[in-house]
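Here come two complexes built around subunit A, the first alongside subunit B, the second alongside subunit C.
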Partner chain A sequence: MTAPLKDITPAERARSTSFYEASARTRLELLLDAGSLIEFIGPEQREVSPHLKIFDLPEQFDDGIVVGRGRLDGSPVFAAAQEGRFMGGAFGEVHGAKLTGLLRAARQIGSIPVLILFDTGGVRLQEANAGELAIAEIMRAVMEARSAGVKVIGLIGGRSGCYGGGGLIAGCCSALAVSEPGRIAVSGPEVIETNRGVEEFDSRDRALVWRTMGGKHRRLLGAADVFADDNVQDFREAALELLGLVGPFGLDALKAEQERLADRLRRFGACSDAVDIWTTEGIAHAETVPELPADQFIALADRIGRTSRDAR
Partner chain B sequence: MEDLRFQHRVRARAGGTRRSAIVGVVASGNLEVLVERILPDAECAVDIKTAAIGFGEVWTAVIGDFVERYSPGGLKFSINDGGARPDTVSLRLAQAVRLIAENGQ
Partner chain C sequence: MTLDDILTSLFPDGHGVRNDNGVLLGSATLRSGDSMLVLGVADRTALGVDEAIKLSGHVVKSIGRDSGAILVLVDSDSQRMSKRDELLGLNEFLAHLAKVLIHADMNGRPTIGLLYGHSAAGALLATGLATRVLIGLPGADPAVMDLPSMAKVTKLSMEALEEKARSTPVFAPGLSNLAQMGAVHMTWSHADPLADQLEALLADMPAARDGRDALGKARGGRLKAAEIAERVRDLALQAR
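Moving on to the complex of A and B:
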């Protein structure tokens, strides 16, 4: 018989809970210190999308994002979690405004970091203009918060990945942690295939999608700083690790990031597949990387090292 | 979209002290249930917004069965439904009652 729930410590529960499978609210409850989450503009306030009813579509009381404050290992943090199952976690007007408000509060206070648990396909198409504006506002809010000394950490491991405007916002964060099922990109597989043809990118080739946009590749390429196993406790530990790693932000950091990206393009620009990049990086038997279990992959990634002078 | 509203007299007040709770997600074949302790002890209300039109009779049966089984007195349930099957609806309602029956905020 399994042990009753009350006998399981929060850390054990977080360790045995798949980040990918959990809801946004469960992720936050298990990621932060037990019982510390205080939600802002919670579902009981019914701050729903003003656009969806025009399209005769169902609303969600929190518009697909949970924002609030809590504690991480005793220290205060702001946190936001997108619900990837509600409209693909897409950014609408209210959804975006909740994240913008959270980031502006963090900027004003200056010392409390922000965790963003991305799980999004990008802009909610039914709210196109409002959603696009929300992305721009959030990007600005992230940069302003960072300029004020706030660390903004992105955690990516949900079923919708982190696409479209979500990918742009992730690119503005101080640091990112990603798991294998988490994917980071701007244009998704179907978008690339539709616009450039199946010869350019076959969206039905799942192995291609994962090795191009998946967490392992993003970690090896330096786009994500830490690789997490797919459980909430690993993401909690990754967030703590990243909060300790993030350095000061300013023009020098941006110049160093520009240099890193230019160098990356010089080294890998001619590669036509992720496996070619891994081989160029000096990984033996690079074609086996997608099959590596998380612990072996983390050991490999640690040998490759981490980008050190980038802006995030 | 179709809006439905049910009001029942119930035998007893629901347990616990929490003021509100939420379970589920609005997705295809799924629903969210927001439950709030805001009614007199002998009353229960269920407000539904559903994407599946024309299932009023099924909802009447599912809600009637739920109220009979759990006696959720004092609770107001607000549902956003993405076309969930009756068994999923019953499960979410039971989860909502279980969650608000905990003590705390």
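Moving on to the complex of A and C:
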């Protein structure tokens, strides 16, 4: 008899599961210690968006986000995972309020970190005002939690990327891990093209999208401190690594971020493409960066050495 | 009201606020003698990396050096939509601006946003929505997204959207809709000097705690946000 499937360890299963392809629930189940997730207001409560029916759109019983508490290597964590396959993971009233509530609890406790698995196009337009405000409340809640000593770690590698207000929330986190398909930006490619024309940004040029907004560029810029390969186990290890690296938050971190971003503008402000930035960084054959396998890319990014550590 | 009219009405004793290509930086002295840091975006300027770094730098330099409240004036476009801004990490620049405003507010420098024109999307998140109290002036016209663009995304006709907009404030552009959500705390009047209304607000600032979800519930614009956040918070605290 061959070995039954159940002999595969959770780590092996997490290693063989694409973060990009997995659902929000599968990501959380494999990222946290096996069986440790306790969900708050799960789908059985049927807390759906009160606004989608105005547009005759289907609701989802968890409104596209899972929030709860679990363990990571034995230590308690709060975690939130957006479902990019429901309304593009967009922030609506209920979706956003679940994350706000989680962050407020973390602030009150002070010692339990928060993991946010982003997968979002930004504001849910059918409830645009409520979604925009939800994002503002989450940004405030992240900063209040961090000020109380909470580490807030963002993990970005989903189908919908991390766009719009999601990109701003990511910018508020203590640290980020990103995979190659995990795009981070404010305006999406289609939005730029619609507003400014195809000459400004050709949204169908996928190579352009990846090298302008994708995980490799964000890691080389130092916007994300860890580059993860596209599997859940790599994101789990990245989260553990970042939890060990993050220092306390305060005014010094904001002063350092001001200098870090001003320095970026001085160095790269005249560059017209990511390849120009990478070349300015001293990377030989910068045009080959998009093709580099993860291990070679990580070695390169570590050699360049840009991070946002203690400067965000 | 033009920006100059607004500044004169706010600070009748004079001010040192300069408009550099749509970026407002400076300070002013209130009639009480207290000083106020002033920054903002004017002339419906898009908020990109170059604008955001100047605004955040103005606040960072002031923290620890000055005291008093901070005023953020807003008449902006949305975030600047360009390849260059995204290439350079616009999300970090906008988040950084919001972070320094939130940090200042939490540490003895109460922040007030004054929305006197347009604003949208990421620009509003990084400015007015990152302040403790957001004030609207009559005639302000914020929009998360304009109806024609929304028609494109939702594949609904303009007529259908306009019809829905009349019955629900949750997606339609406009100051009153954002006020009903709890995003805009109050709307000032042009009938009285803005200095009077500013001083009344400063004398009676709400606590730094974010109460916008409760405000949205009380005004009937967001009936679920406060309750859901509270329930998740309680469950998370119990799960300890």
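As a working rule, the second predicted complex is superposed on the first by the 304 of 312 C-alpha atoms of A that agree within 3 Å, B and C clash if a C-alpha of one lies under 4 Å from a C-alpha of the other, contacts with A are read in each partner's own complex, and residues count from 1 in each chain.
Here, a contact is a pair of C-beta atoms (placed from the backbone, for glycine too) under 8 Å apart; a residue touches a chain by one contact, two chains touch by 3 or more.
This one's a predicted model, so the numbers in the text were calculated from it and none came from an experiment.
Student: Clash or fit: what happens to subunit B and subunit C when subunit A is overlaid?
Tutor: fit
Student: Using the touch definition from the top, say if A:198 reaches subunit B (first), subunit C (second), both or neither.
Tutor: In the superposition, A:198 touches no partner, neither subunit B nor subunit C.
Student: Does the superposition put A:218 against subunit B (first), subunit C (second), both, or neither?
Tutor: second
Student: Is A:264 contacted by the first partner subunit B, the second partner subunit C, both or neither?
Tutor: After superposition on chain A, A:264 lies in contact with subunit C alone.
Student: Considering only the touch criterion stated at the top, classify A:40 as touching first (subunit B), second (subunit C), both, or neither.
Tutor: Touch partner of A:40: subunit C, not subunit B.
Student: Is the number of subunit A residues in contact higher for subunit B or for subunit C?
Tutor: Larger number of subunit A residues touched: C.
Student: With the two complexes superposed on chain A, say which partner A:299 touches: subunit B (first), subunit C (second), both, or neither.
Tutor: Neither: A:299 stays clear of subunit B and subunit C.
Student: Once chain A of both complexes is superposed, is A:104 in touch with subunit B (first), subunit C (second), both, or neither?
Tutor: Touch status of A:104: second partner only.
Student: Between subunit B (first) and subunit C (second), which does A:125 come into contact with in this model arrangement: first, second, both, or neither?
Tutor: In the superposed model, A:125 contacts subunit C only, not subunit B.
Student: Looking at the overlay, does A:168 come into contact with subunit B only (first), subunit C only (second), both, or neither?
Tutor: Second partner only.
Student: In the overlaid three-chain picture, find the nearest pair of C-alpha atoms across subunit B and subunit C and give that distance in Å.
Tutor: 15
Student: Enumerate the contact residues on subunit A facing subunit B in the complex.
Tutor: Spelled out, the residues of subunit A in touch with subunit B are 23, 25, 42-44, 46, 53, 56-62, 83, 85-86.
Student: Can you name the residues of subunit C that touch subunit A in the complex?
Tutor: Subunit C reaches subunit A through residues 49-50, 53, 56-57, 60, 63-64, 79, 81-96, 98-100, 102-103, 106-107, 121-122, 124-126, 129-130, 144-145, 149-150, 152-154, 156, 164, 167-172, 177-178, 181-183, 210, 212-213, 216, 221-237, 239-240.
Student: Taking the touch rule as given, give the residues of subunit B at its contact with subunit A in the complex, in rising order.
Tutor: It comes out as residues 1, 20, 22, 25-27, 30, 32, 34, 36, 49-51, 78, 80-82.
Student: For subunit A, which residues count as touching subunit C in their complex?
Tutor: 38, 40-41, 47, 50-51, 54-55, 67, 69, 76, 78, 93-94, 96-98, 100-102, 104-106, 108-109, 123, 125-137, 139-141, 143-144, 147, 164-165, 167-172, 184-187, 191-192, 194-196, 200-201, 212-213, 217-218, 221, 223, 251, 254-255, 257-258, 261-262, 264-265, 268-269, 271-274, 277, 308, 312
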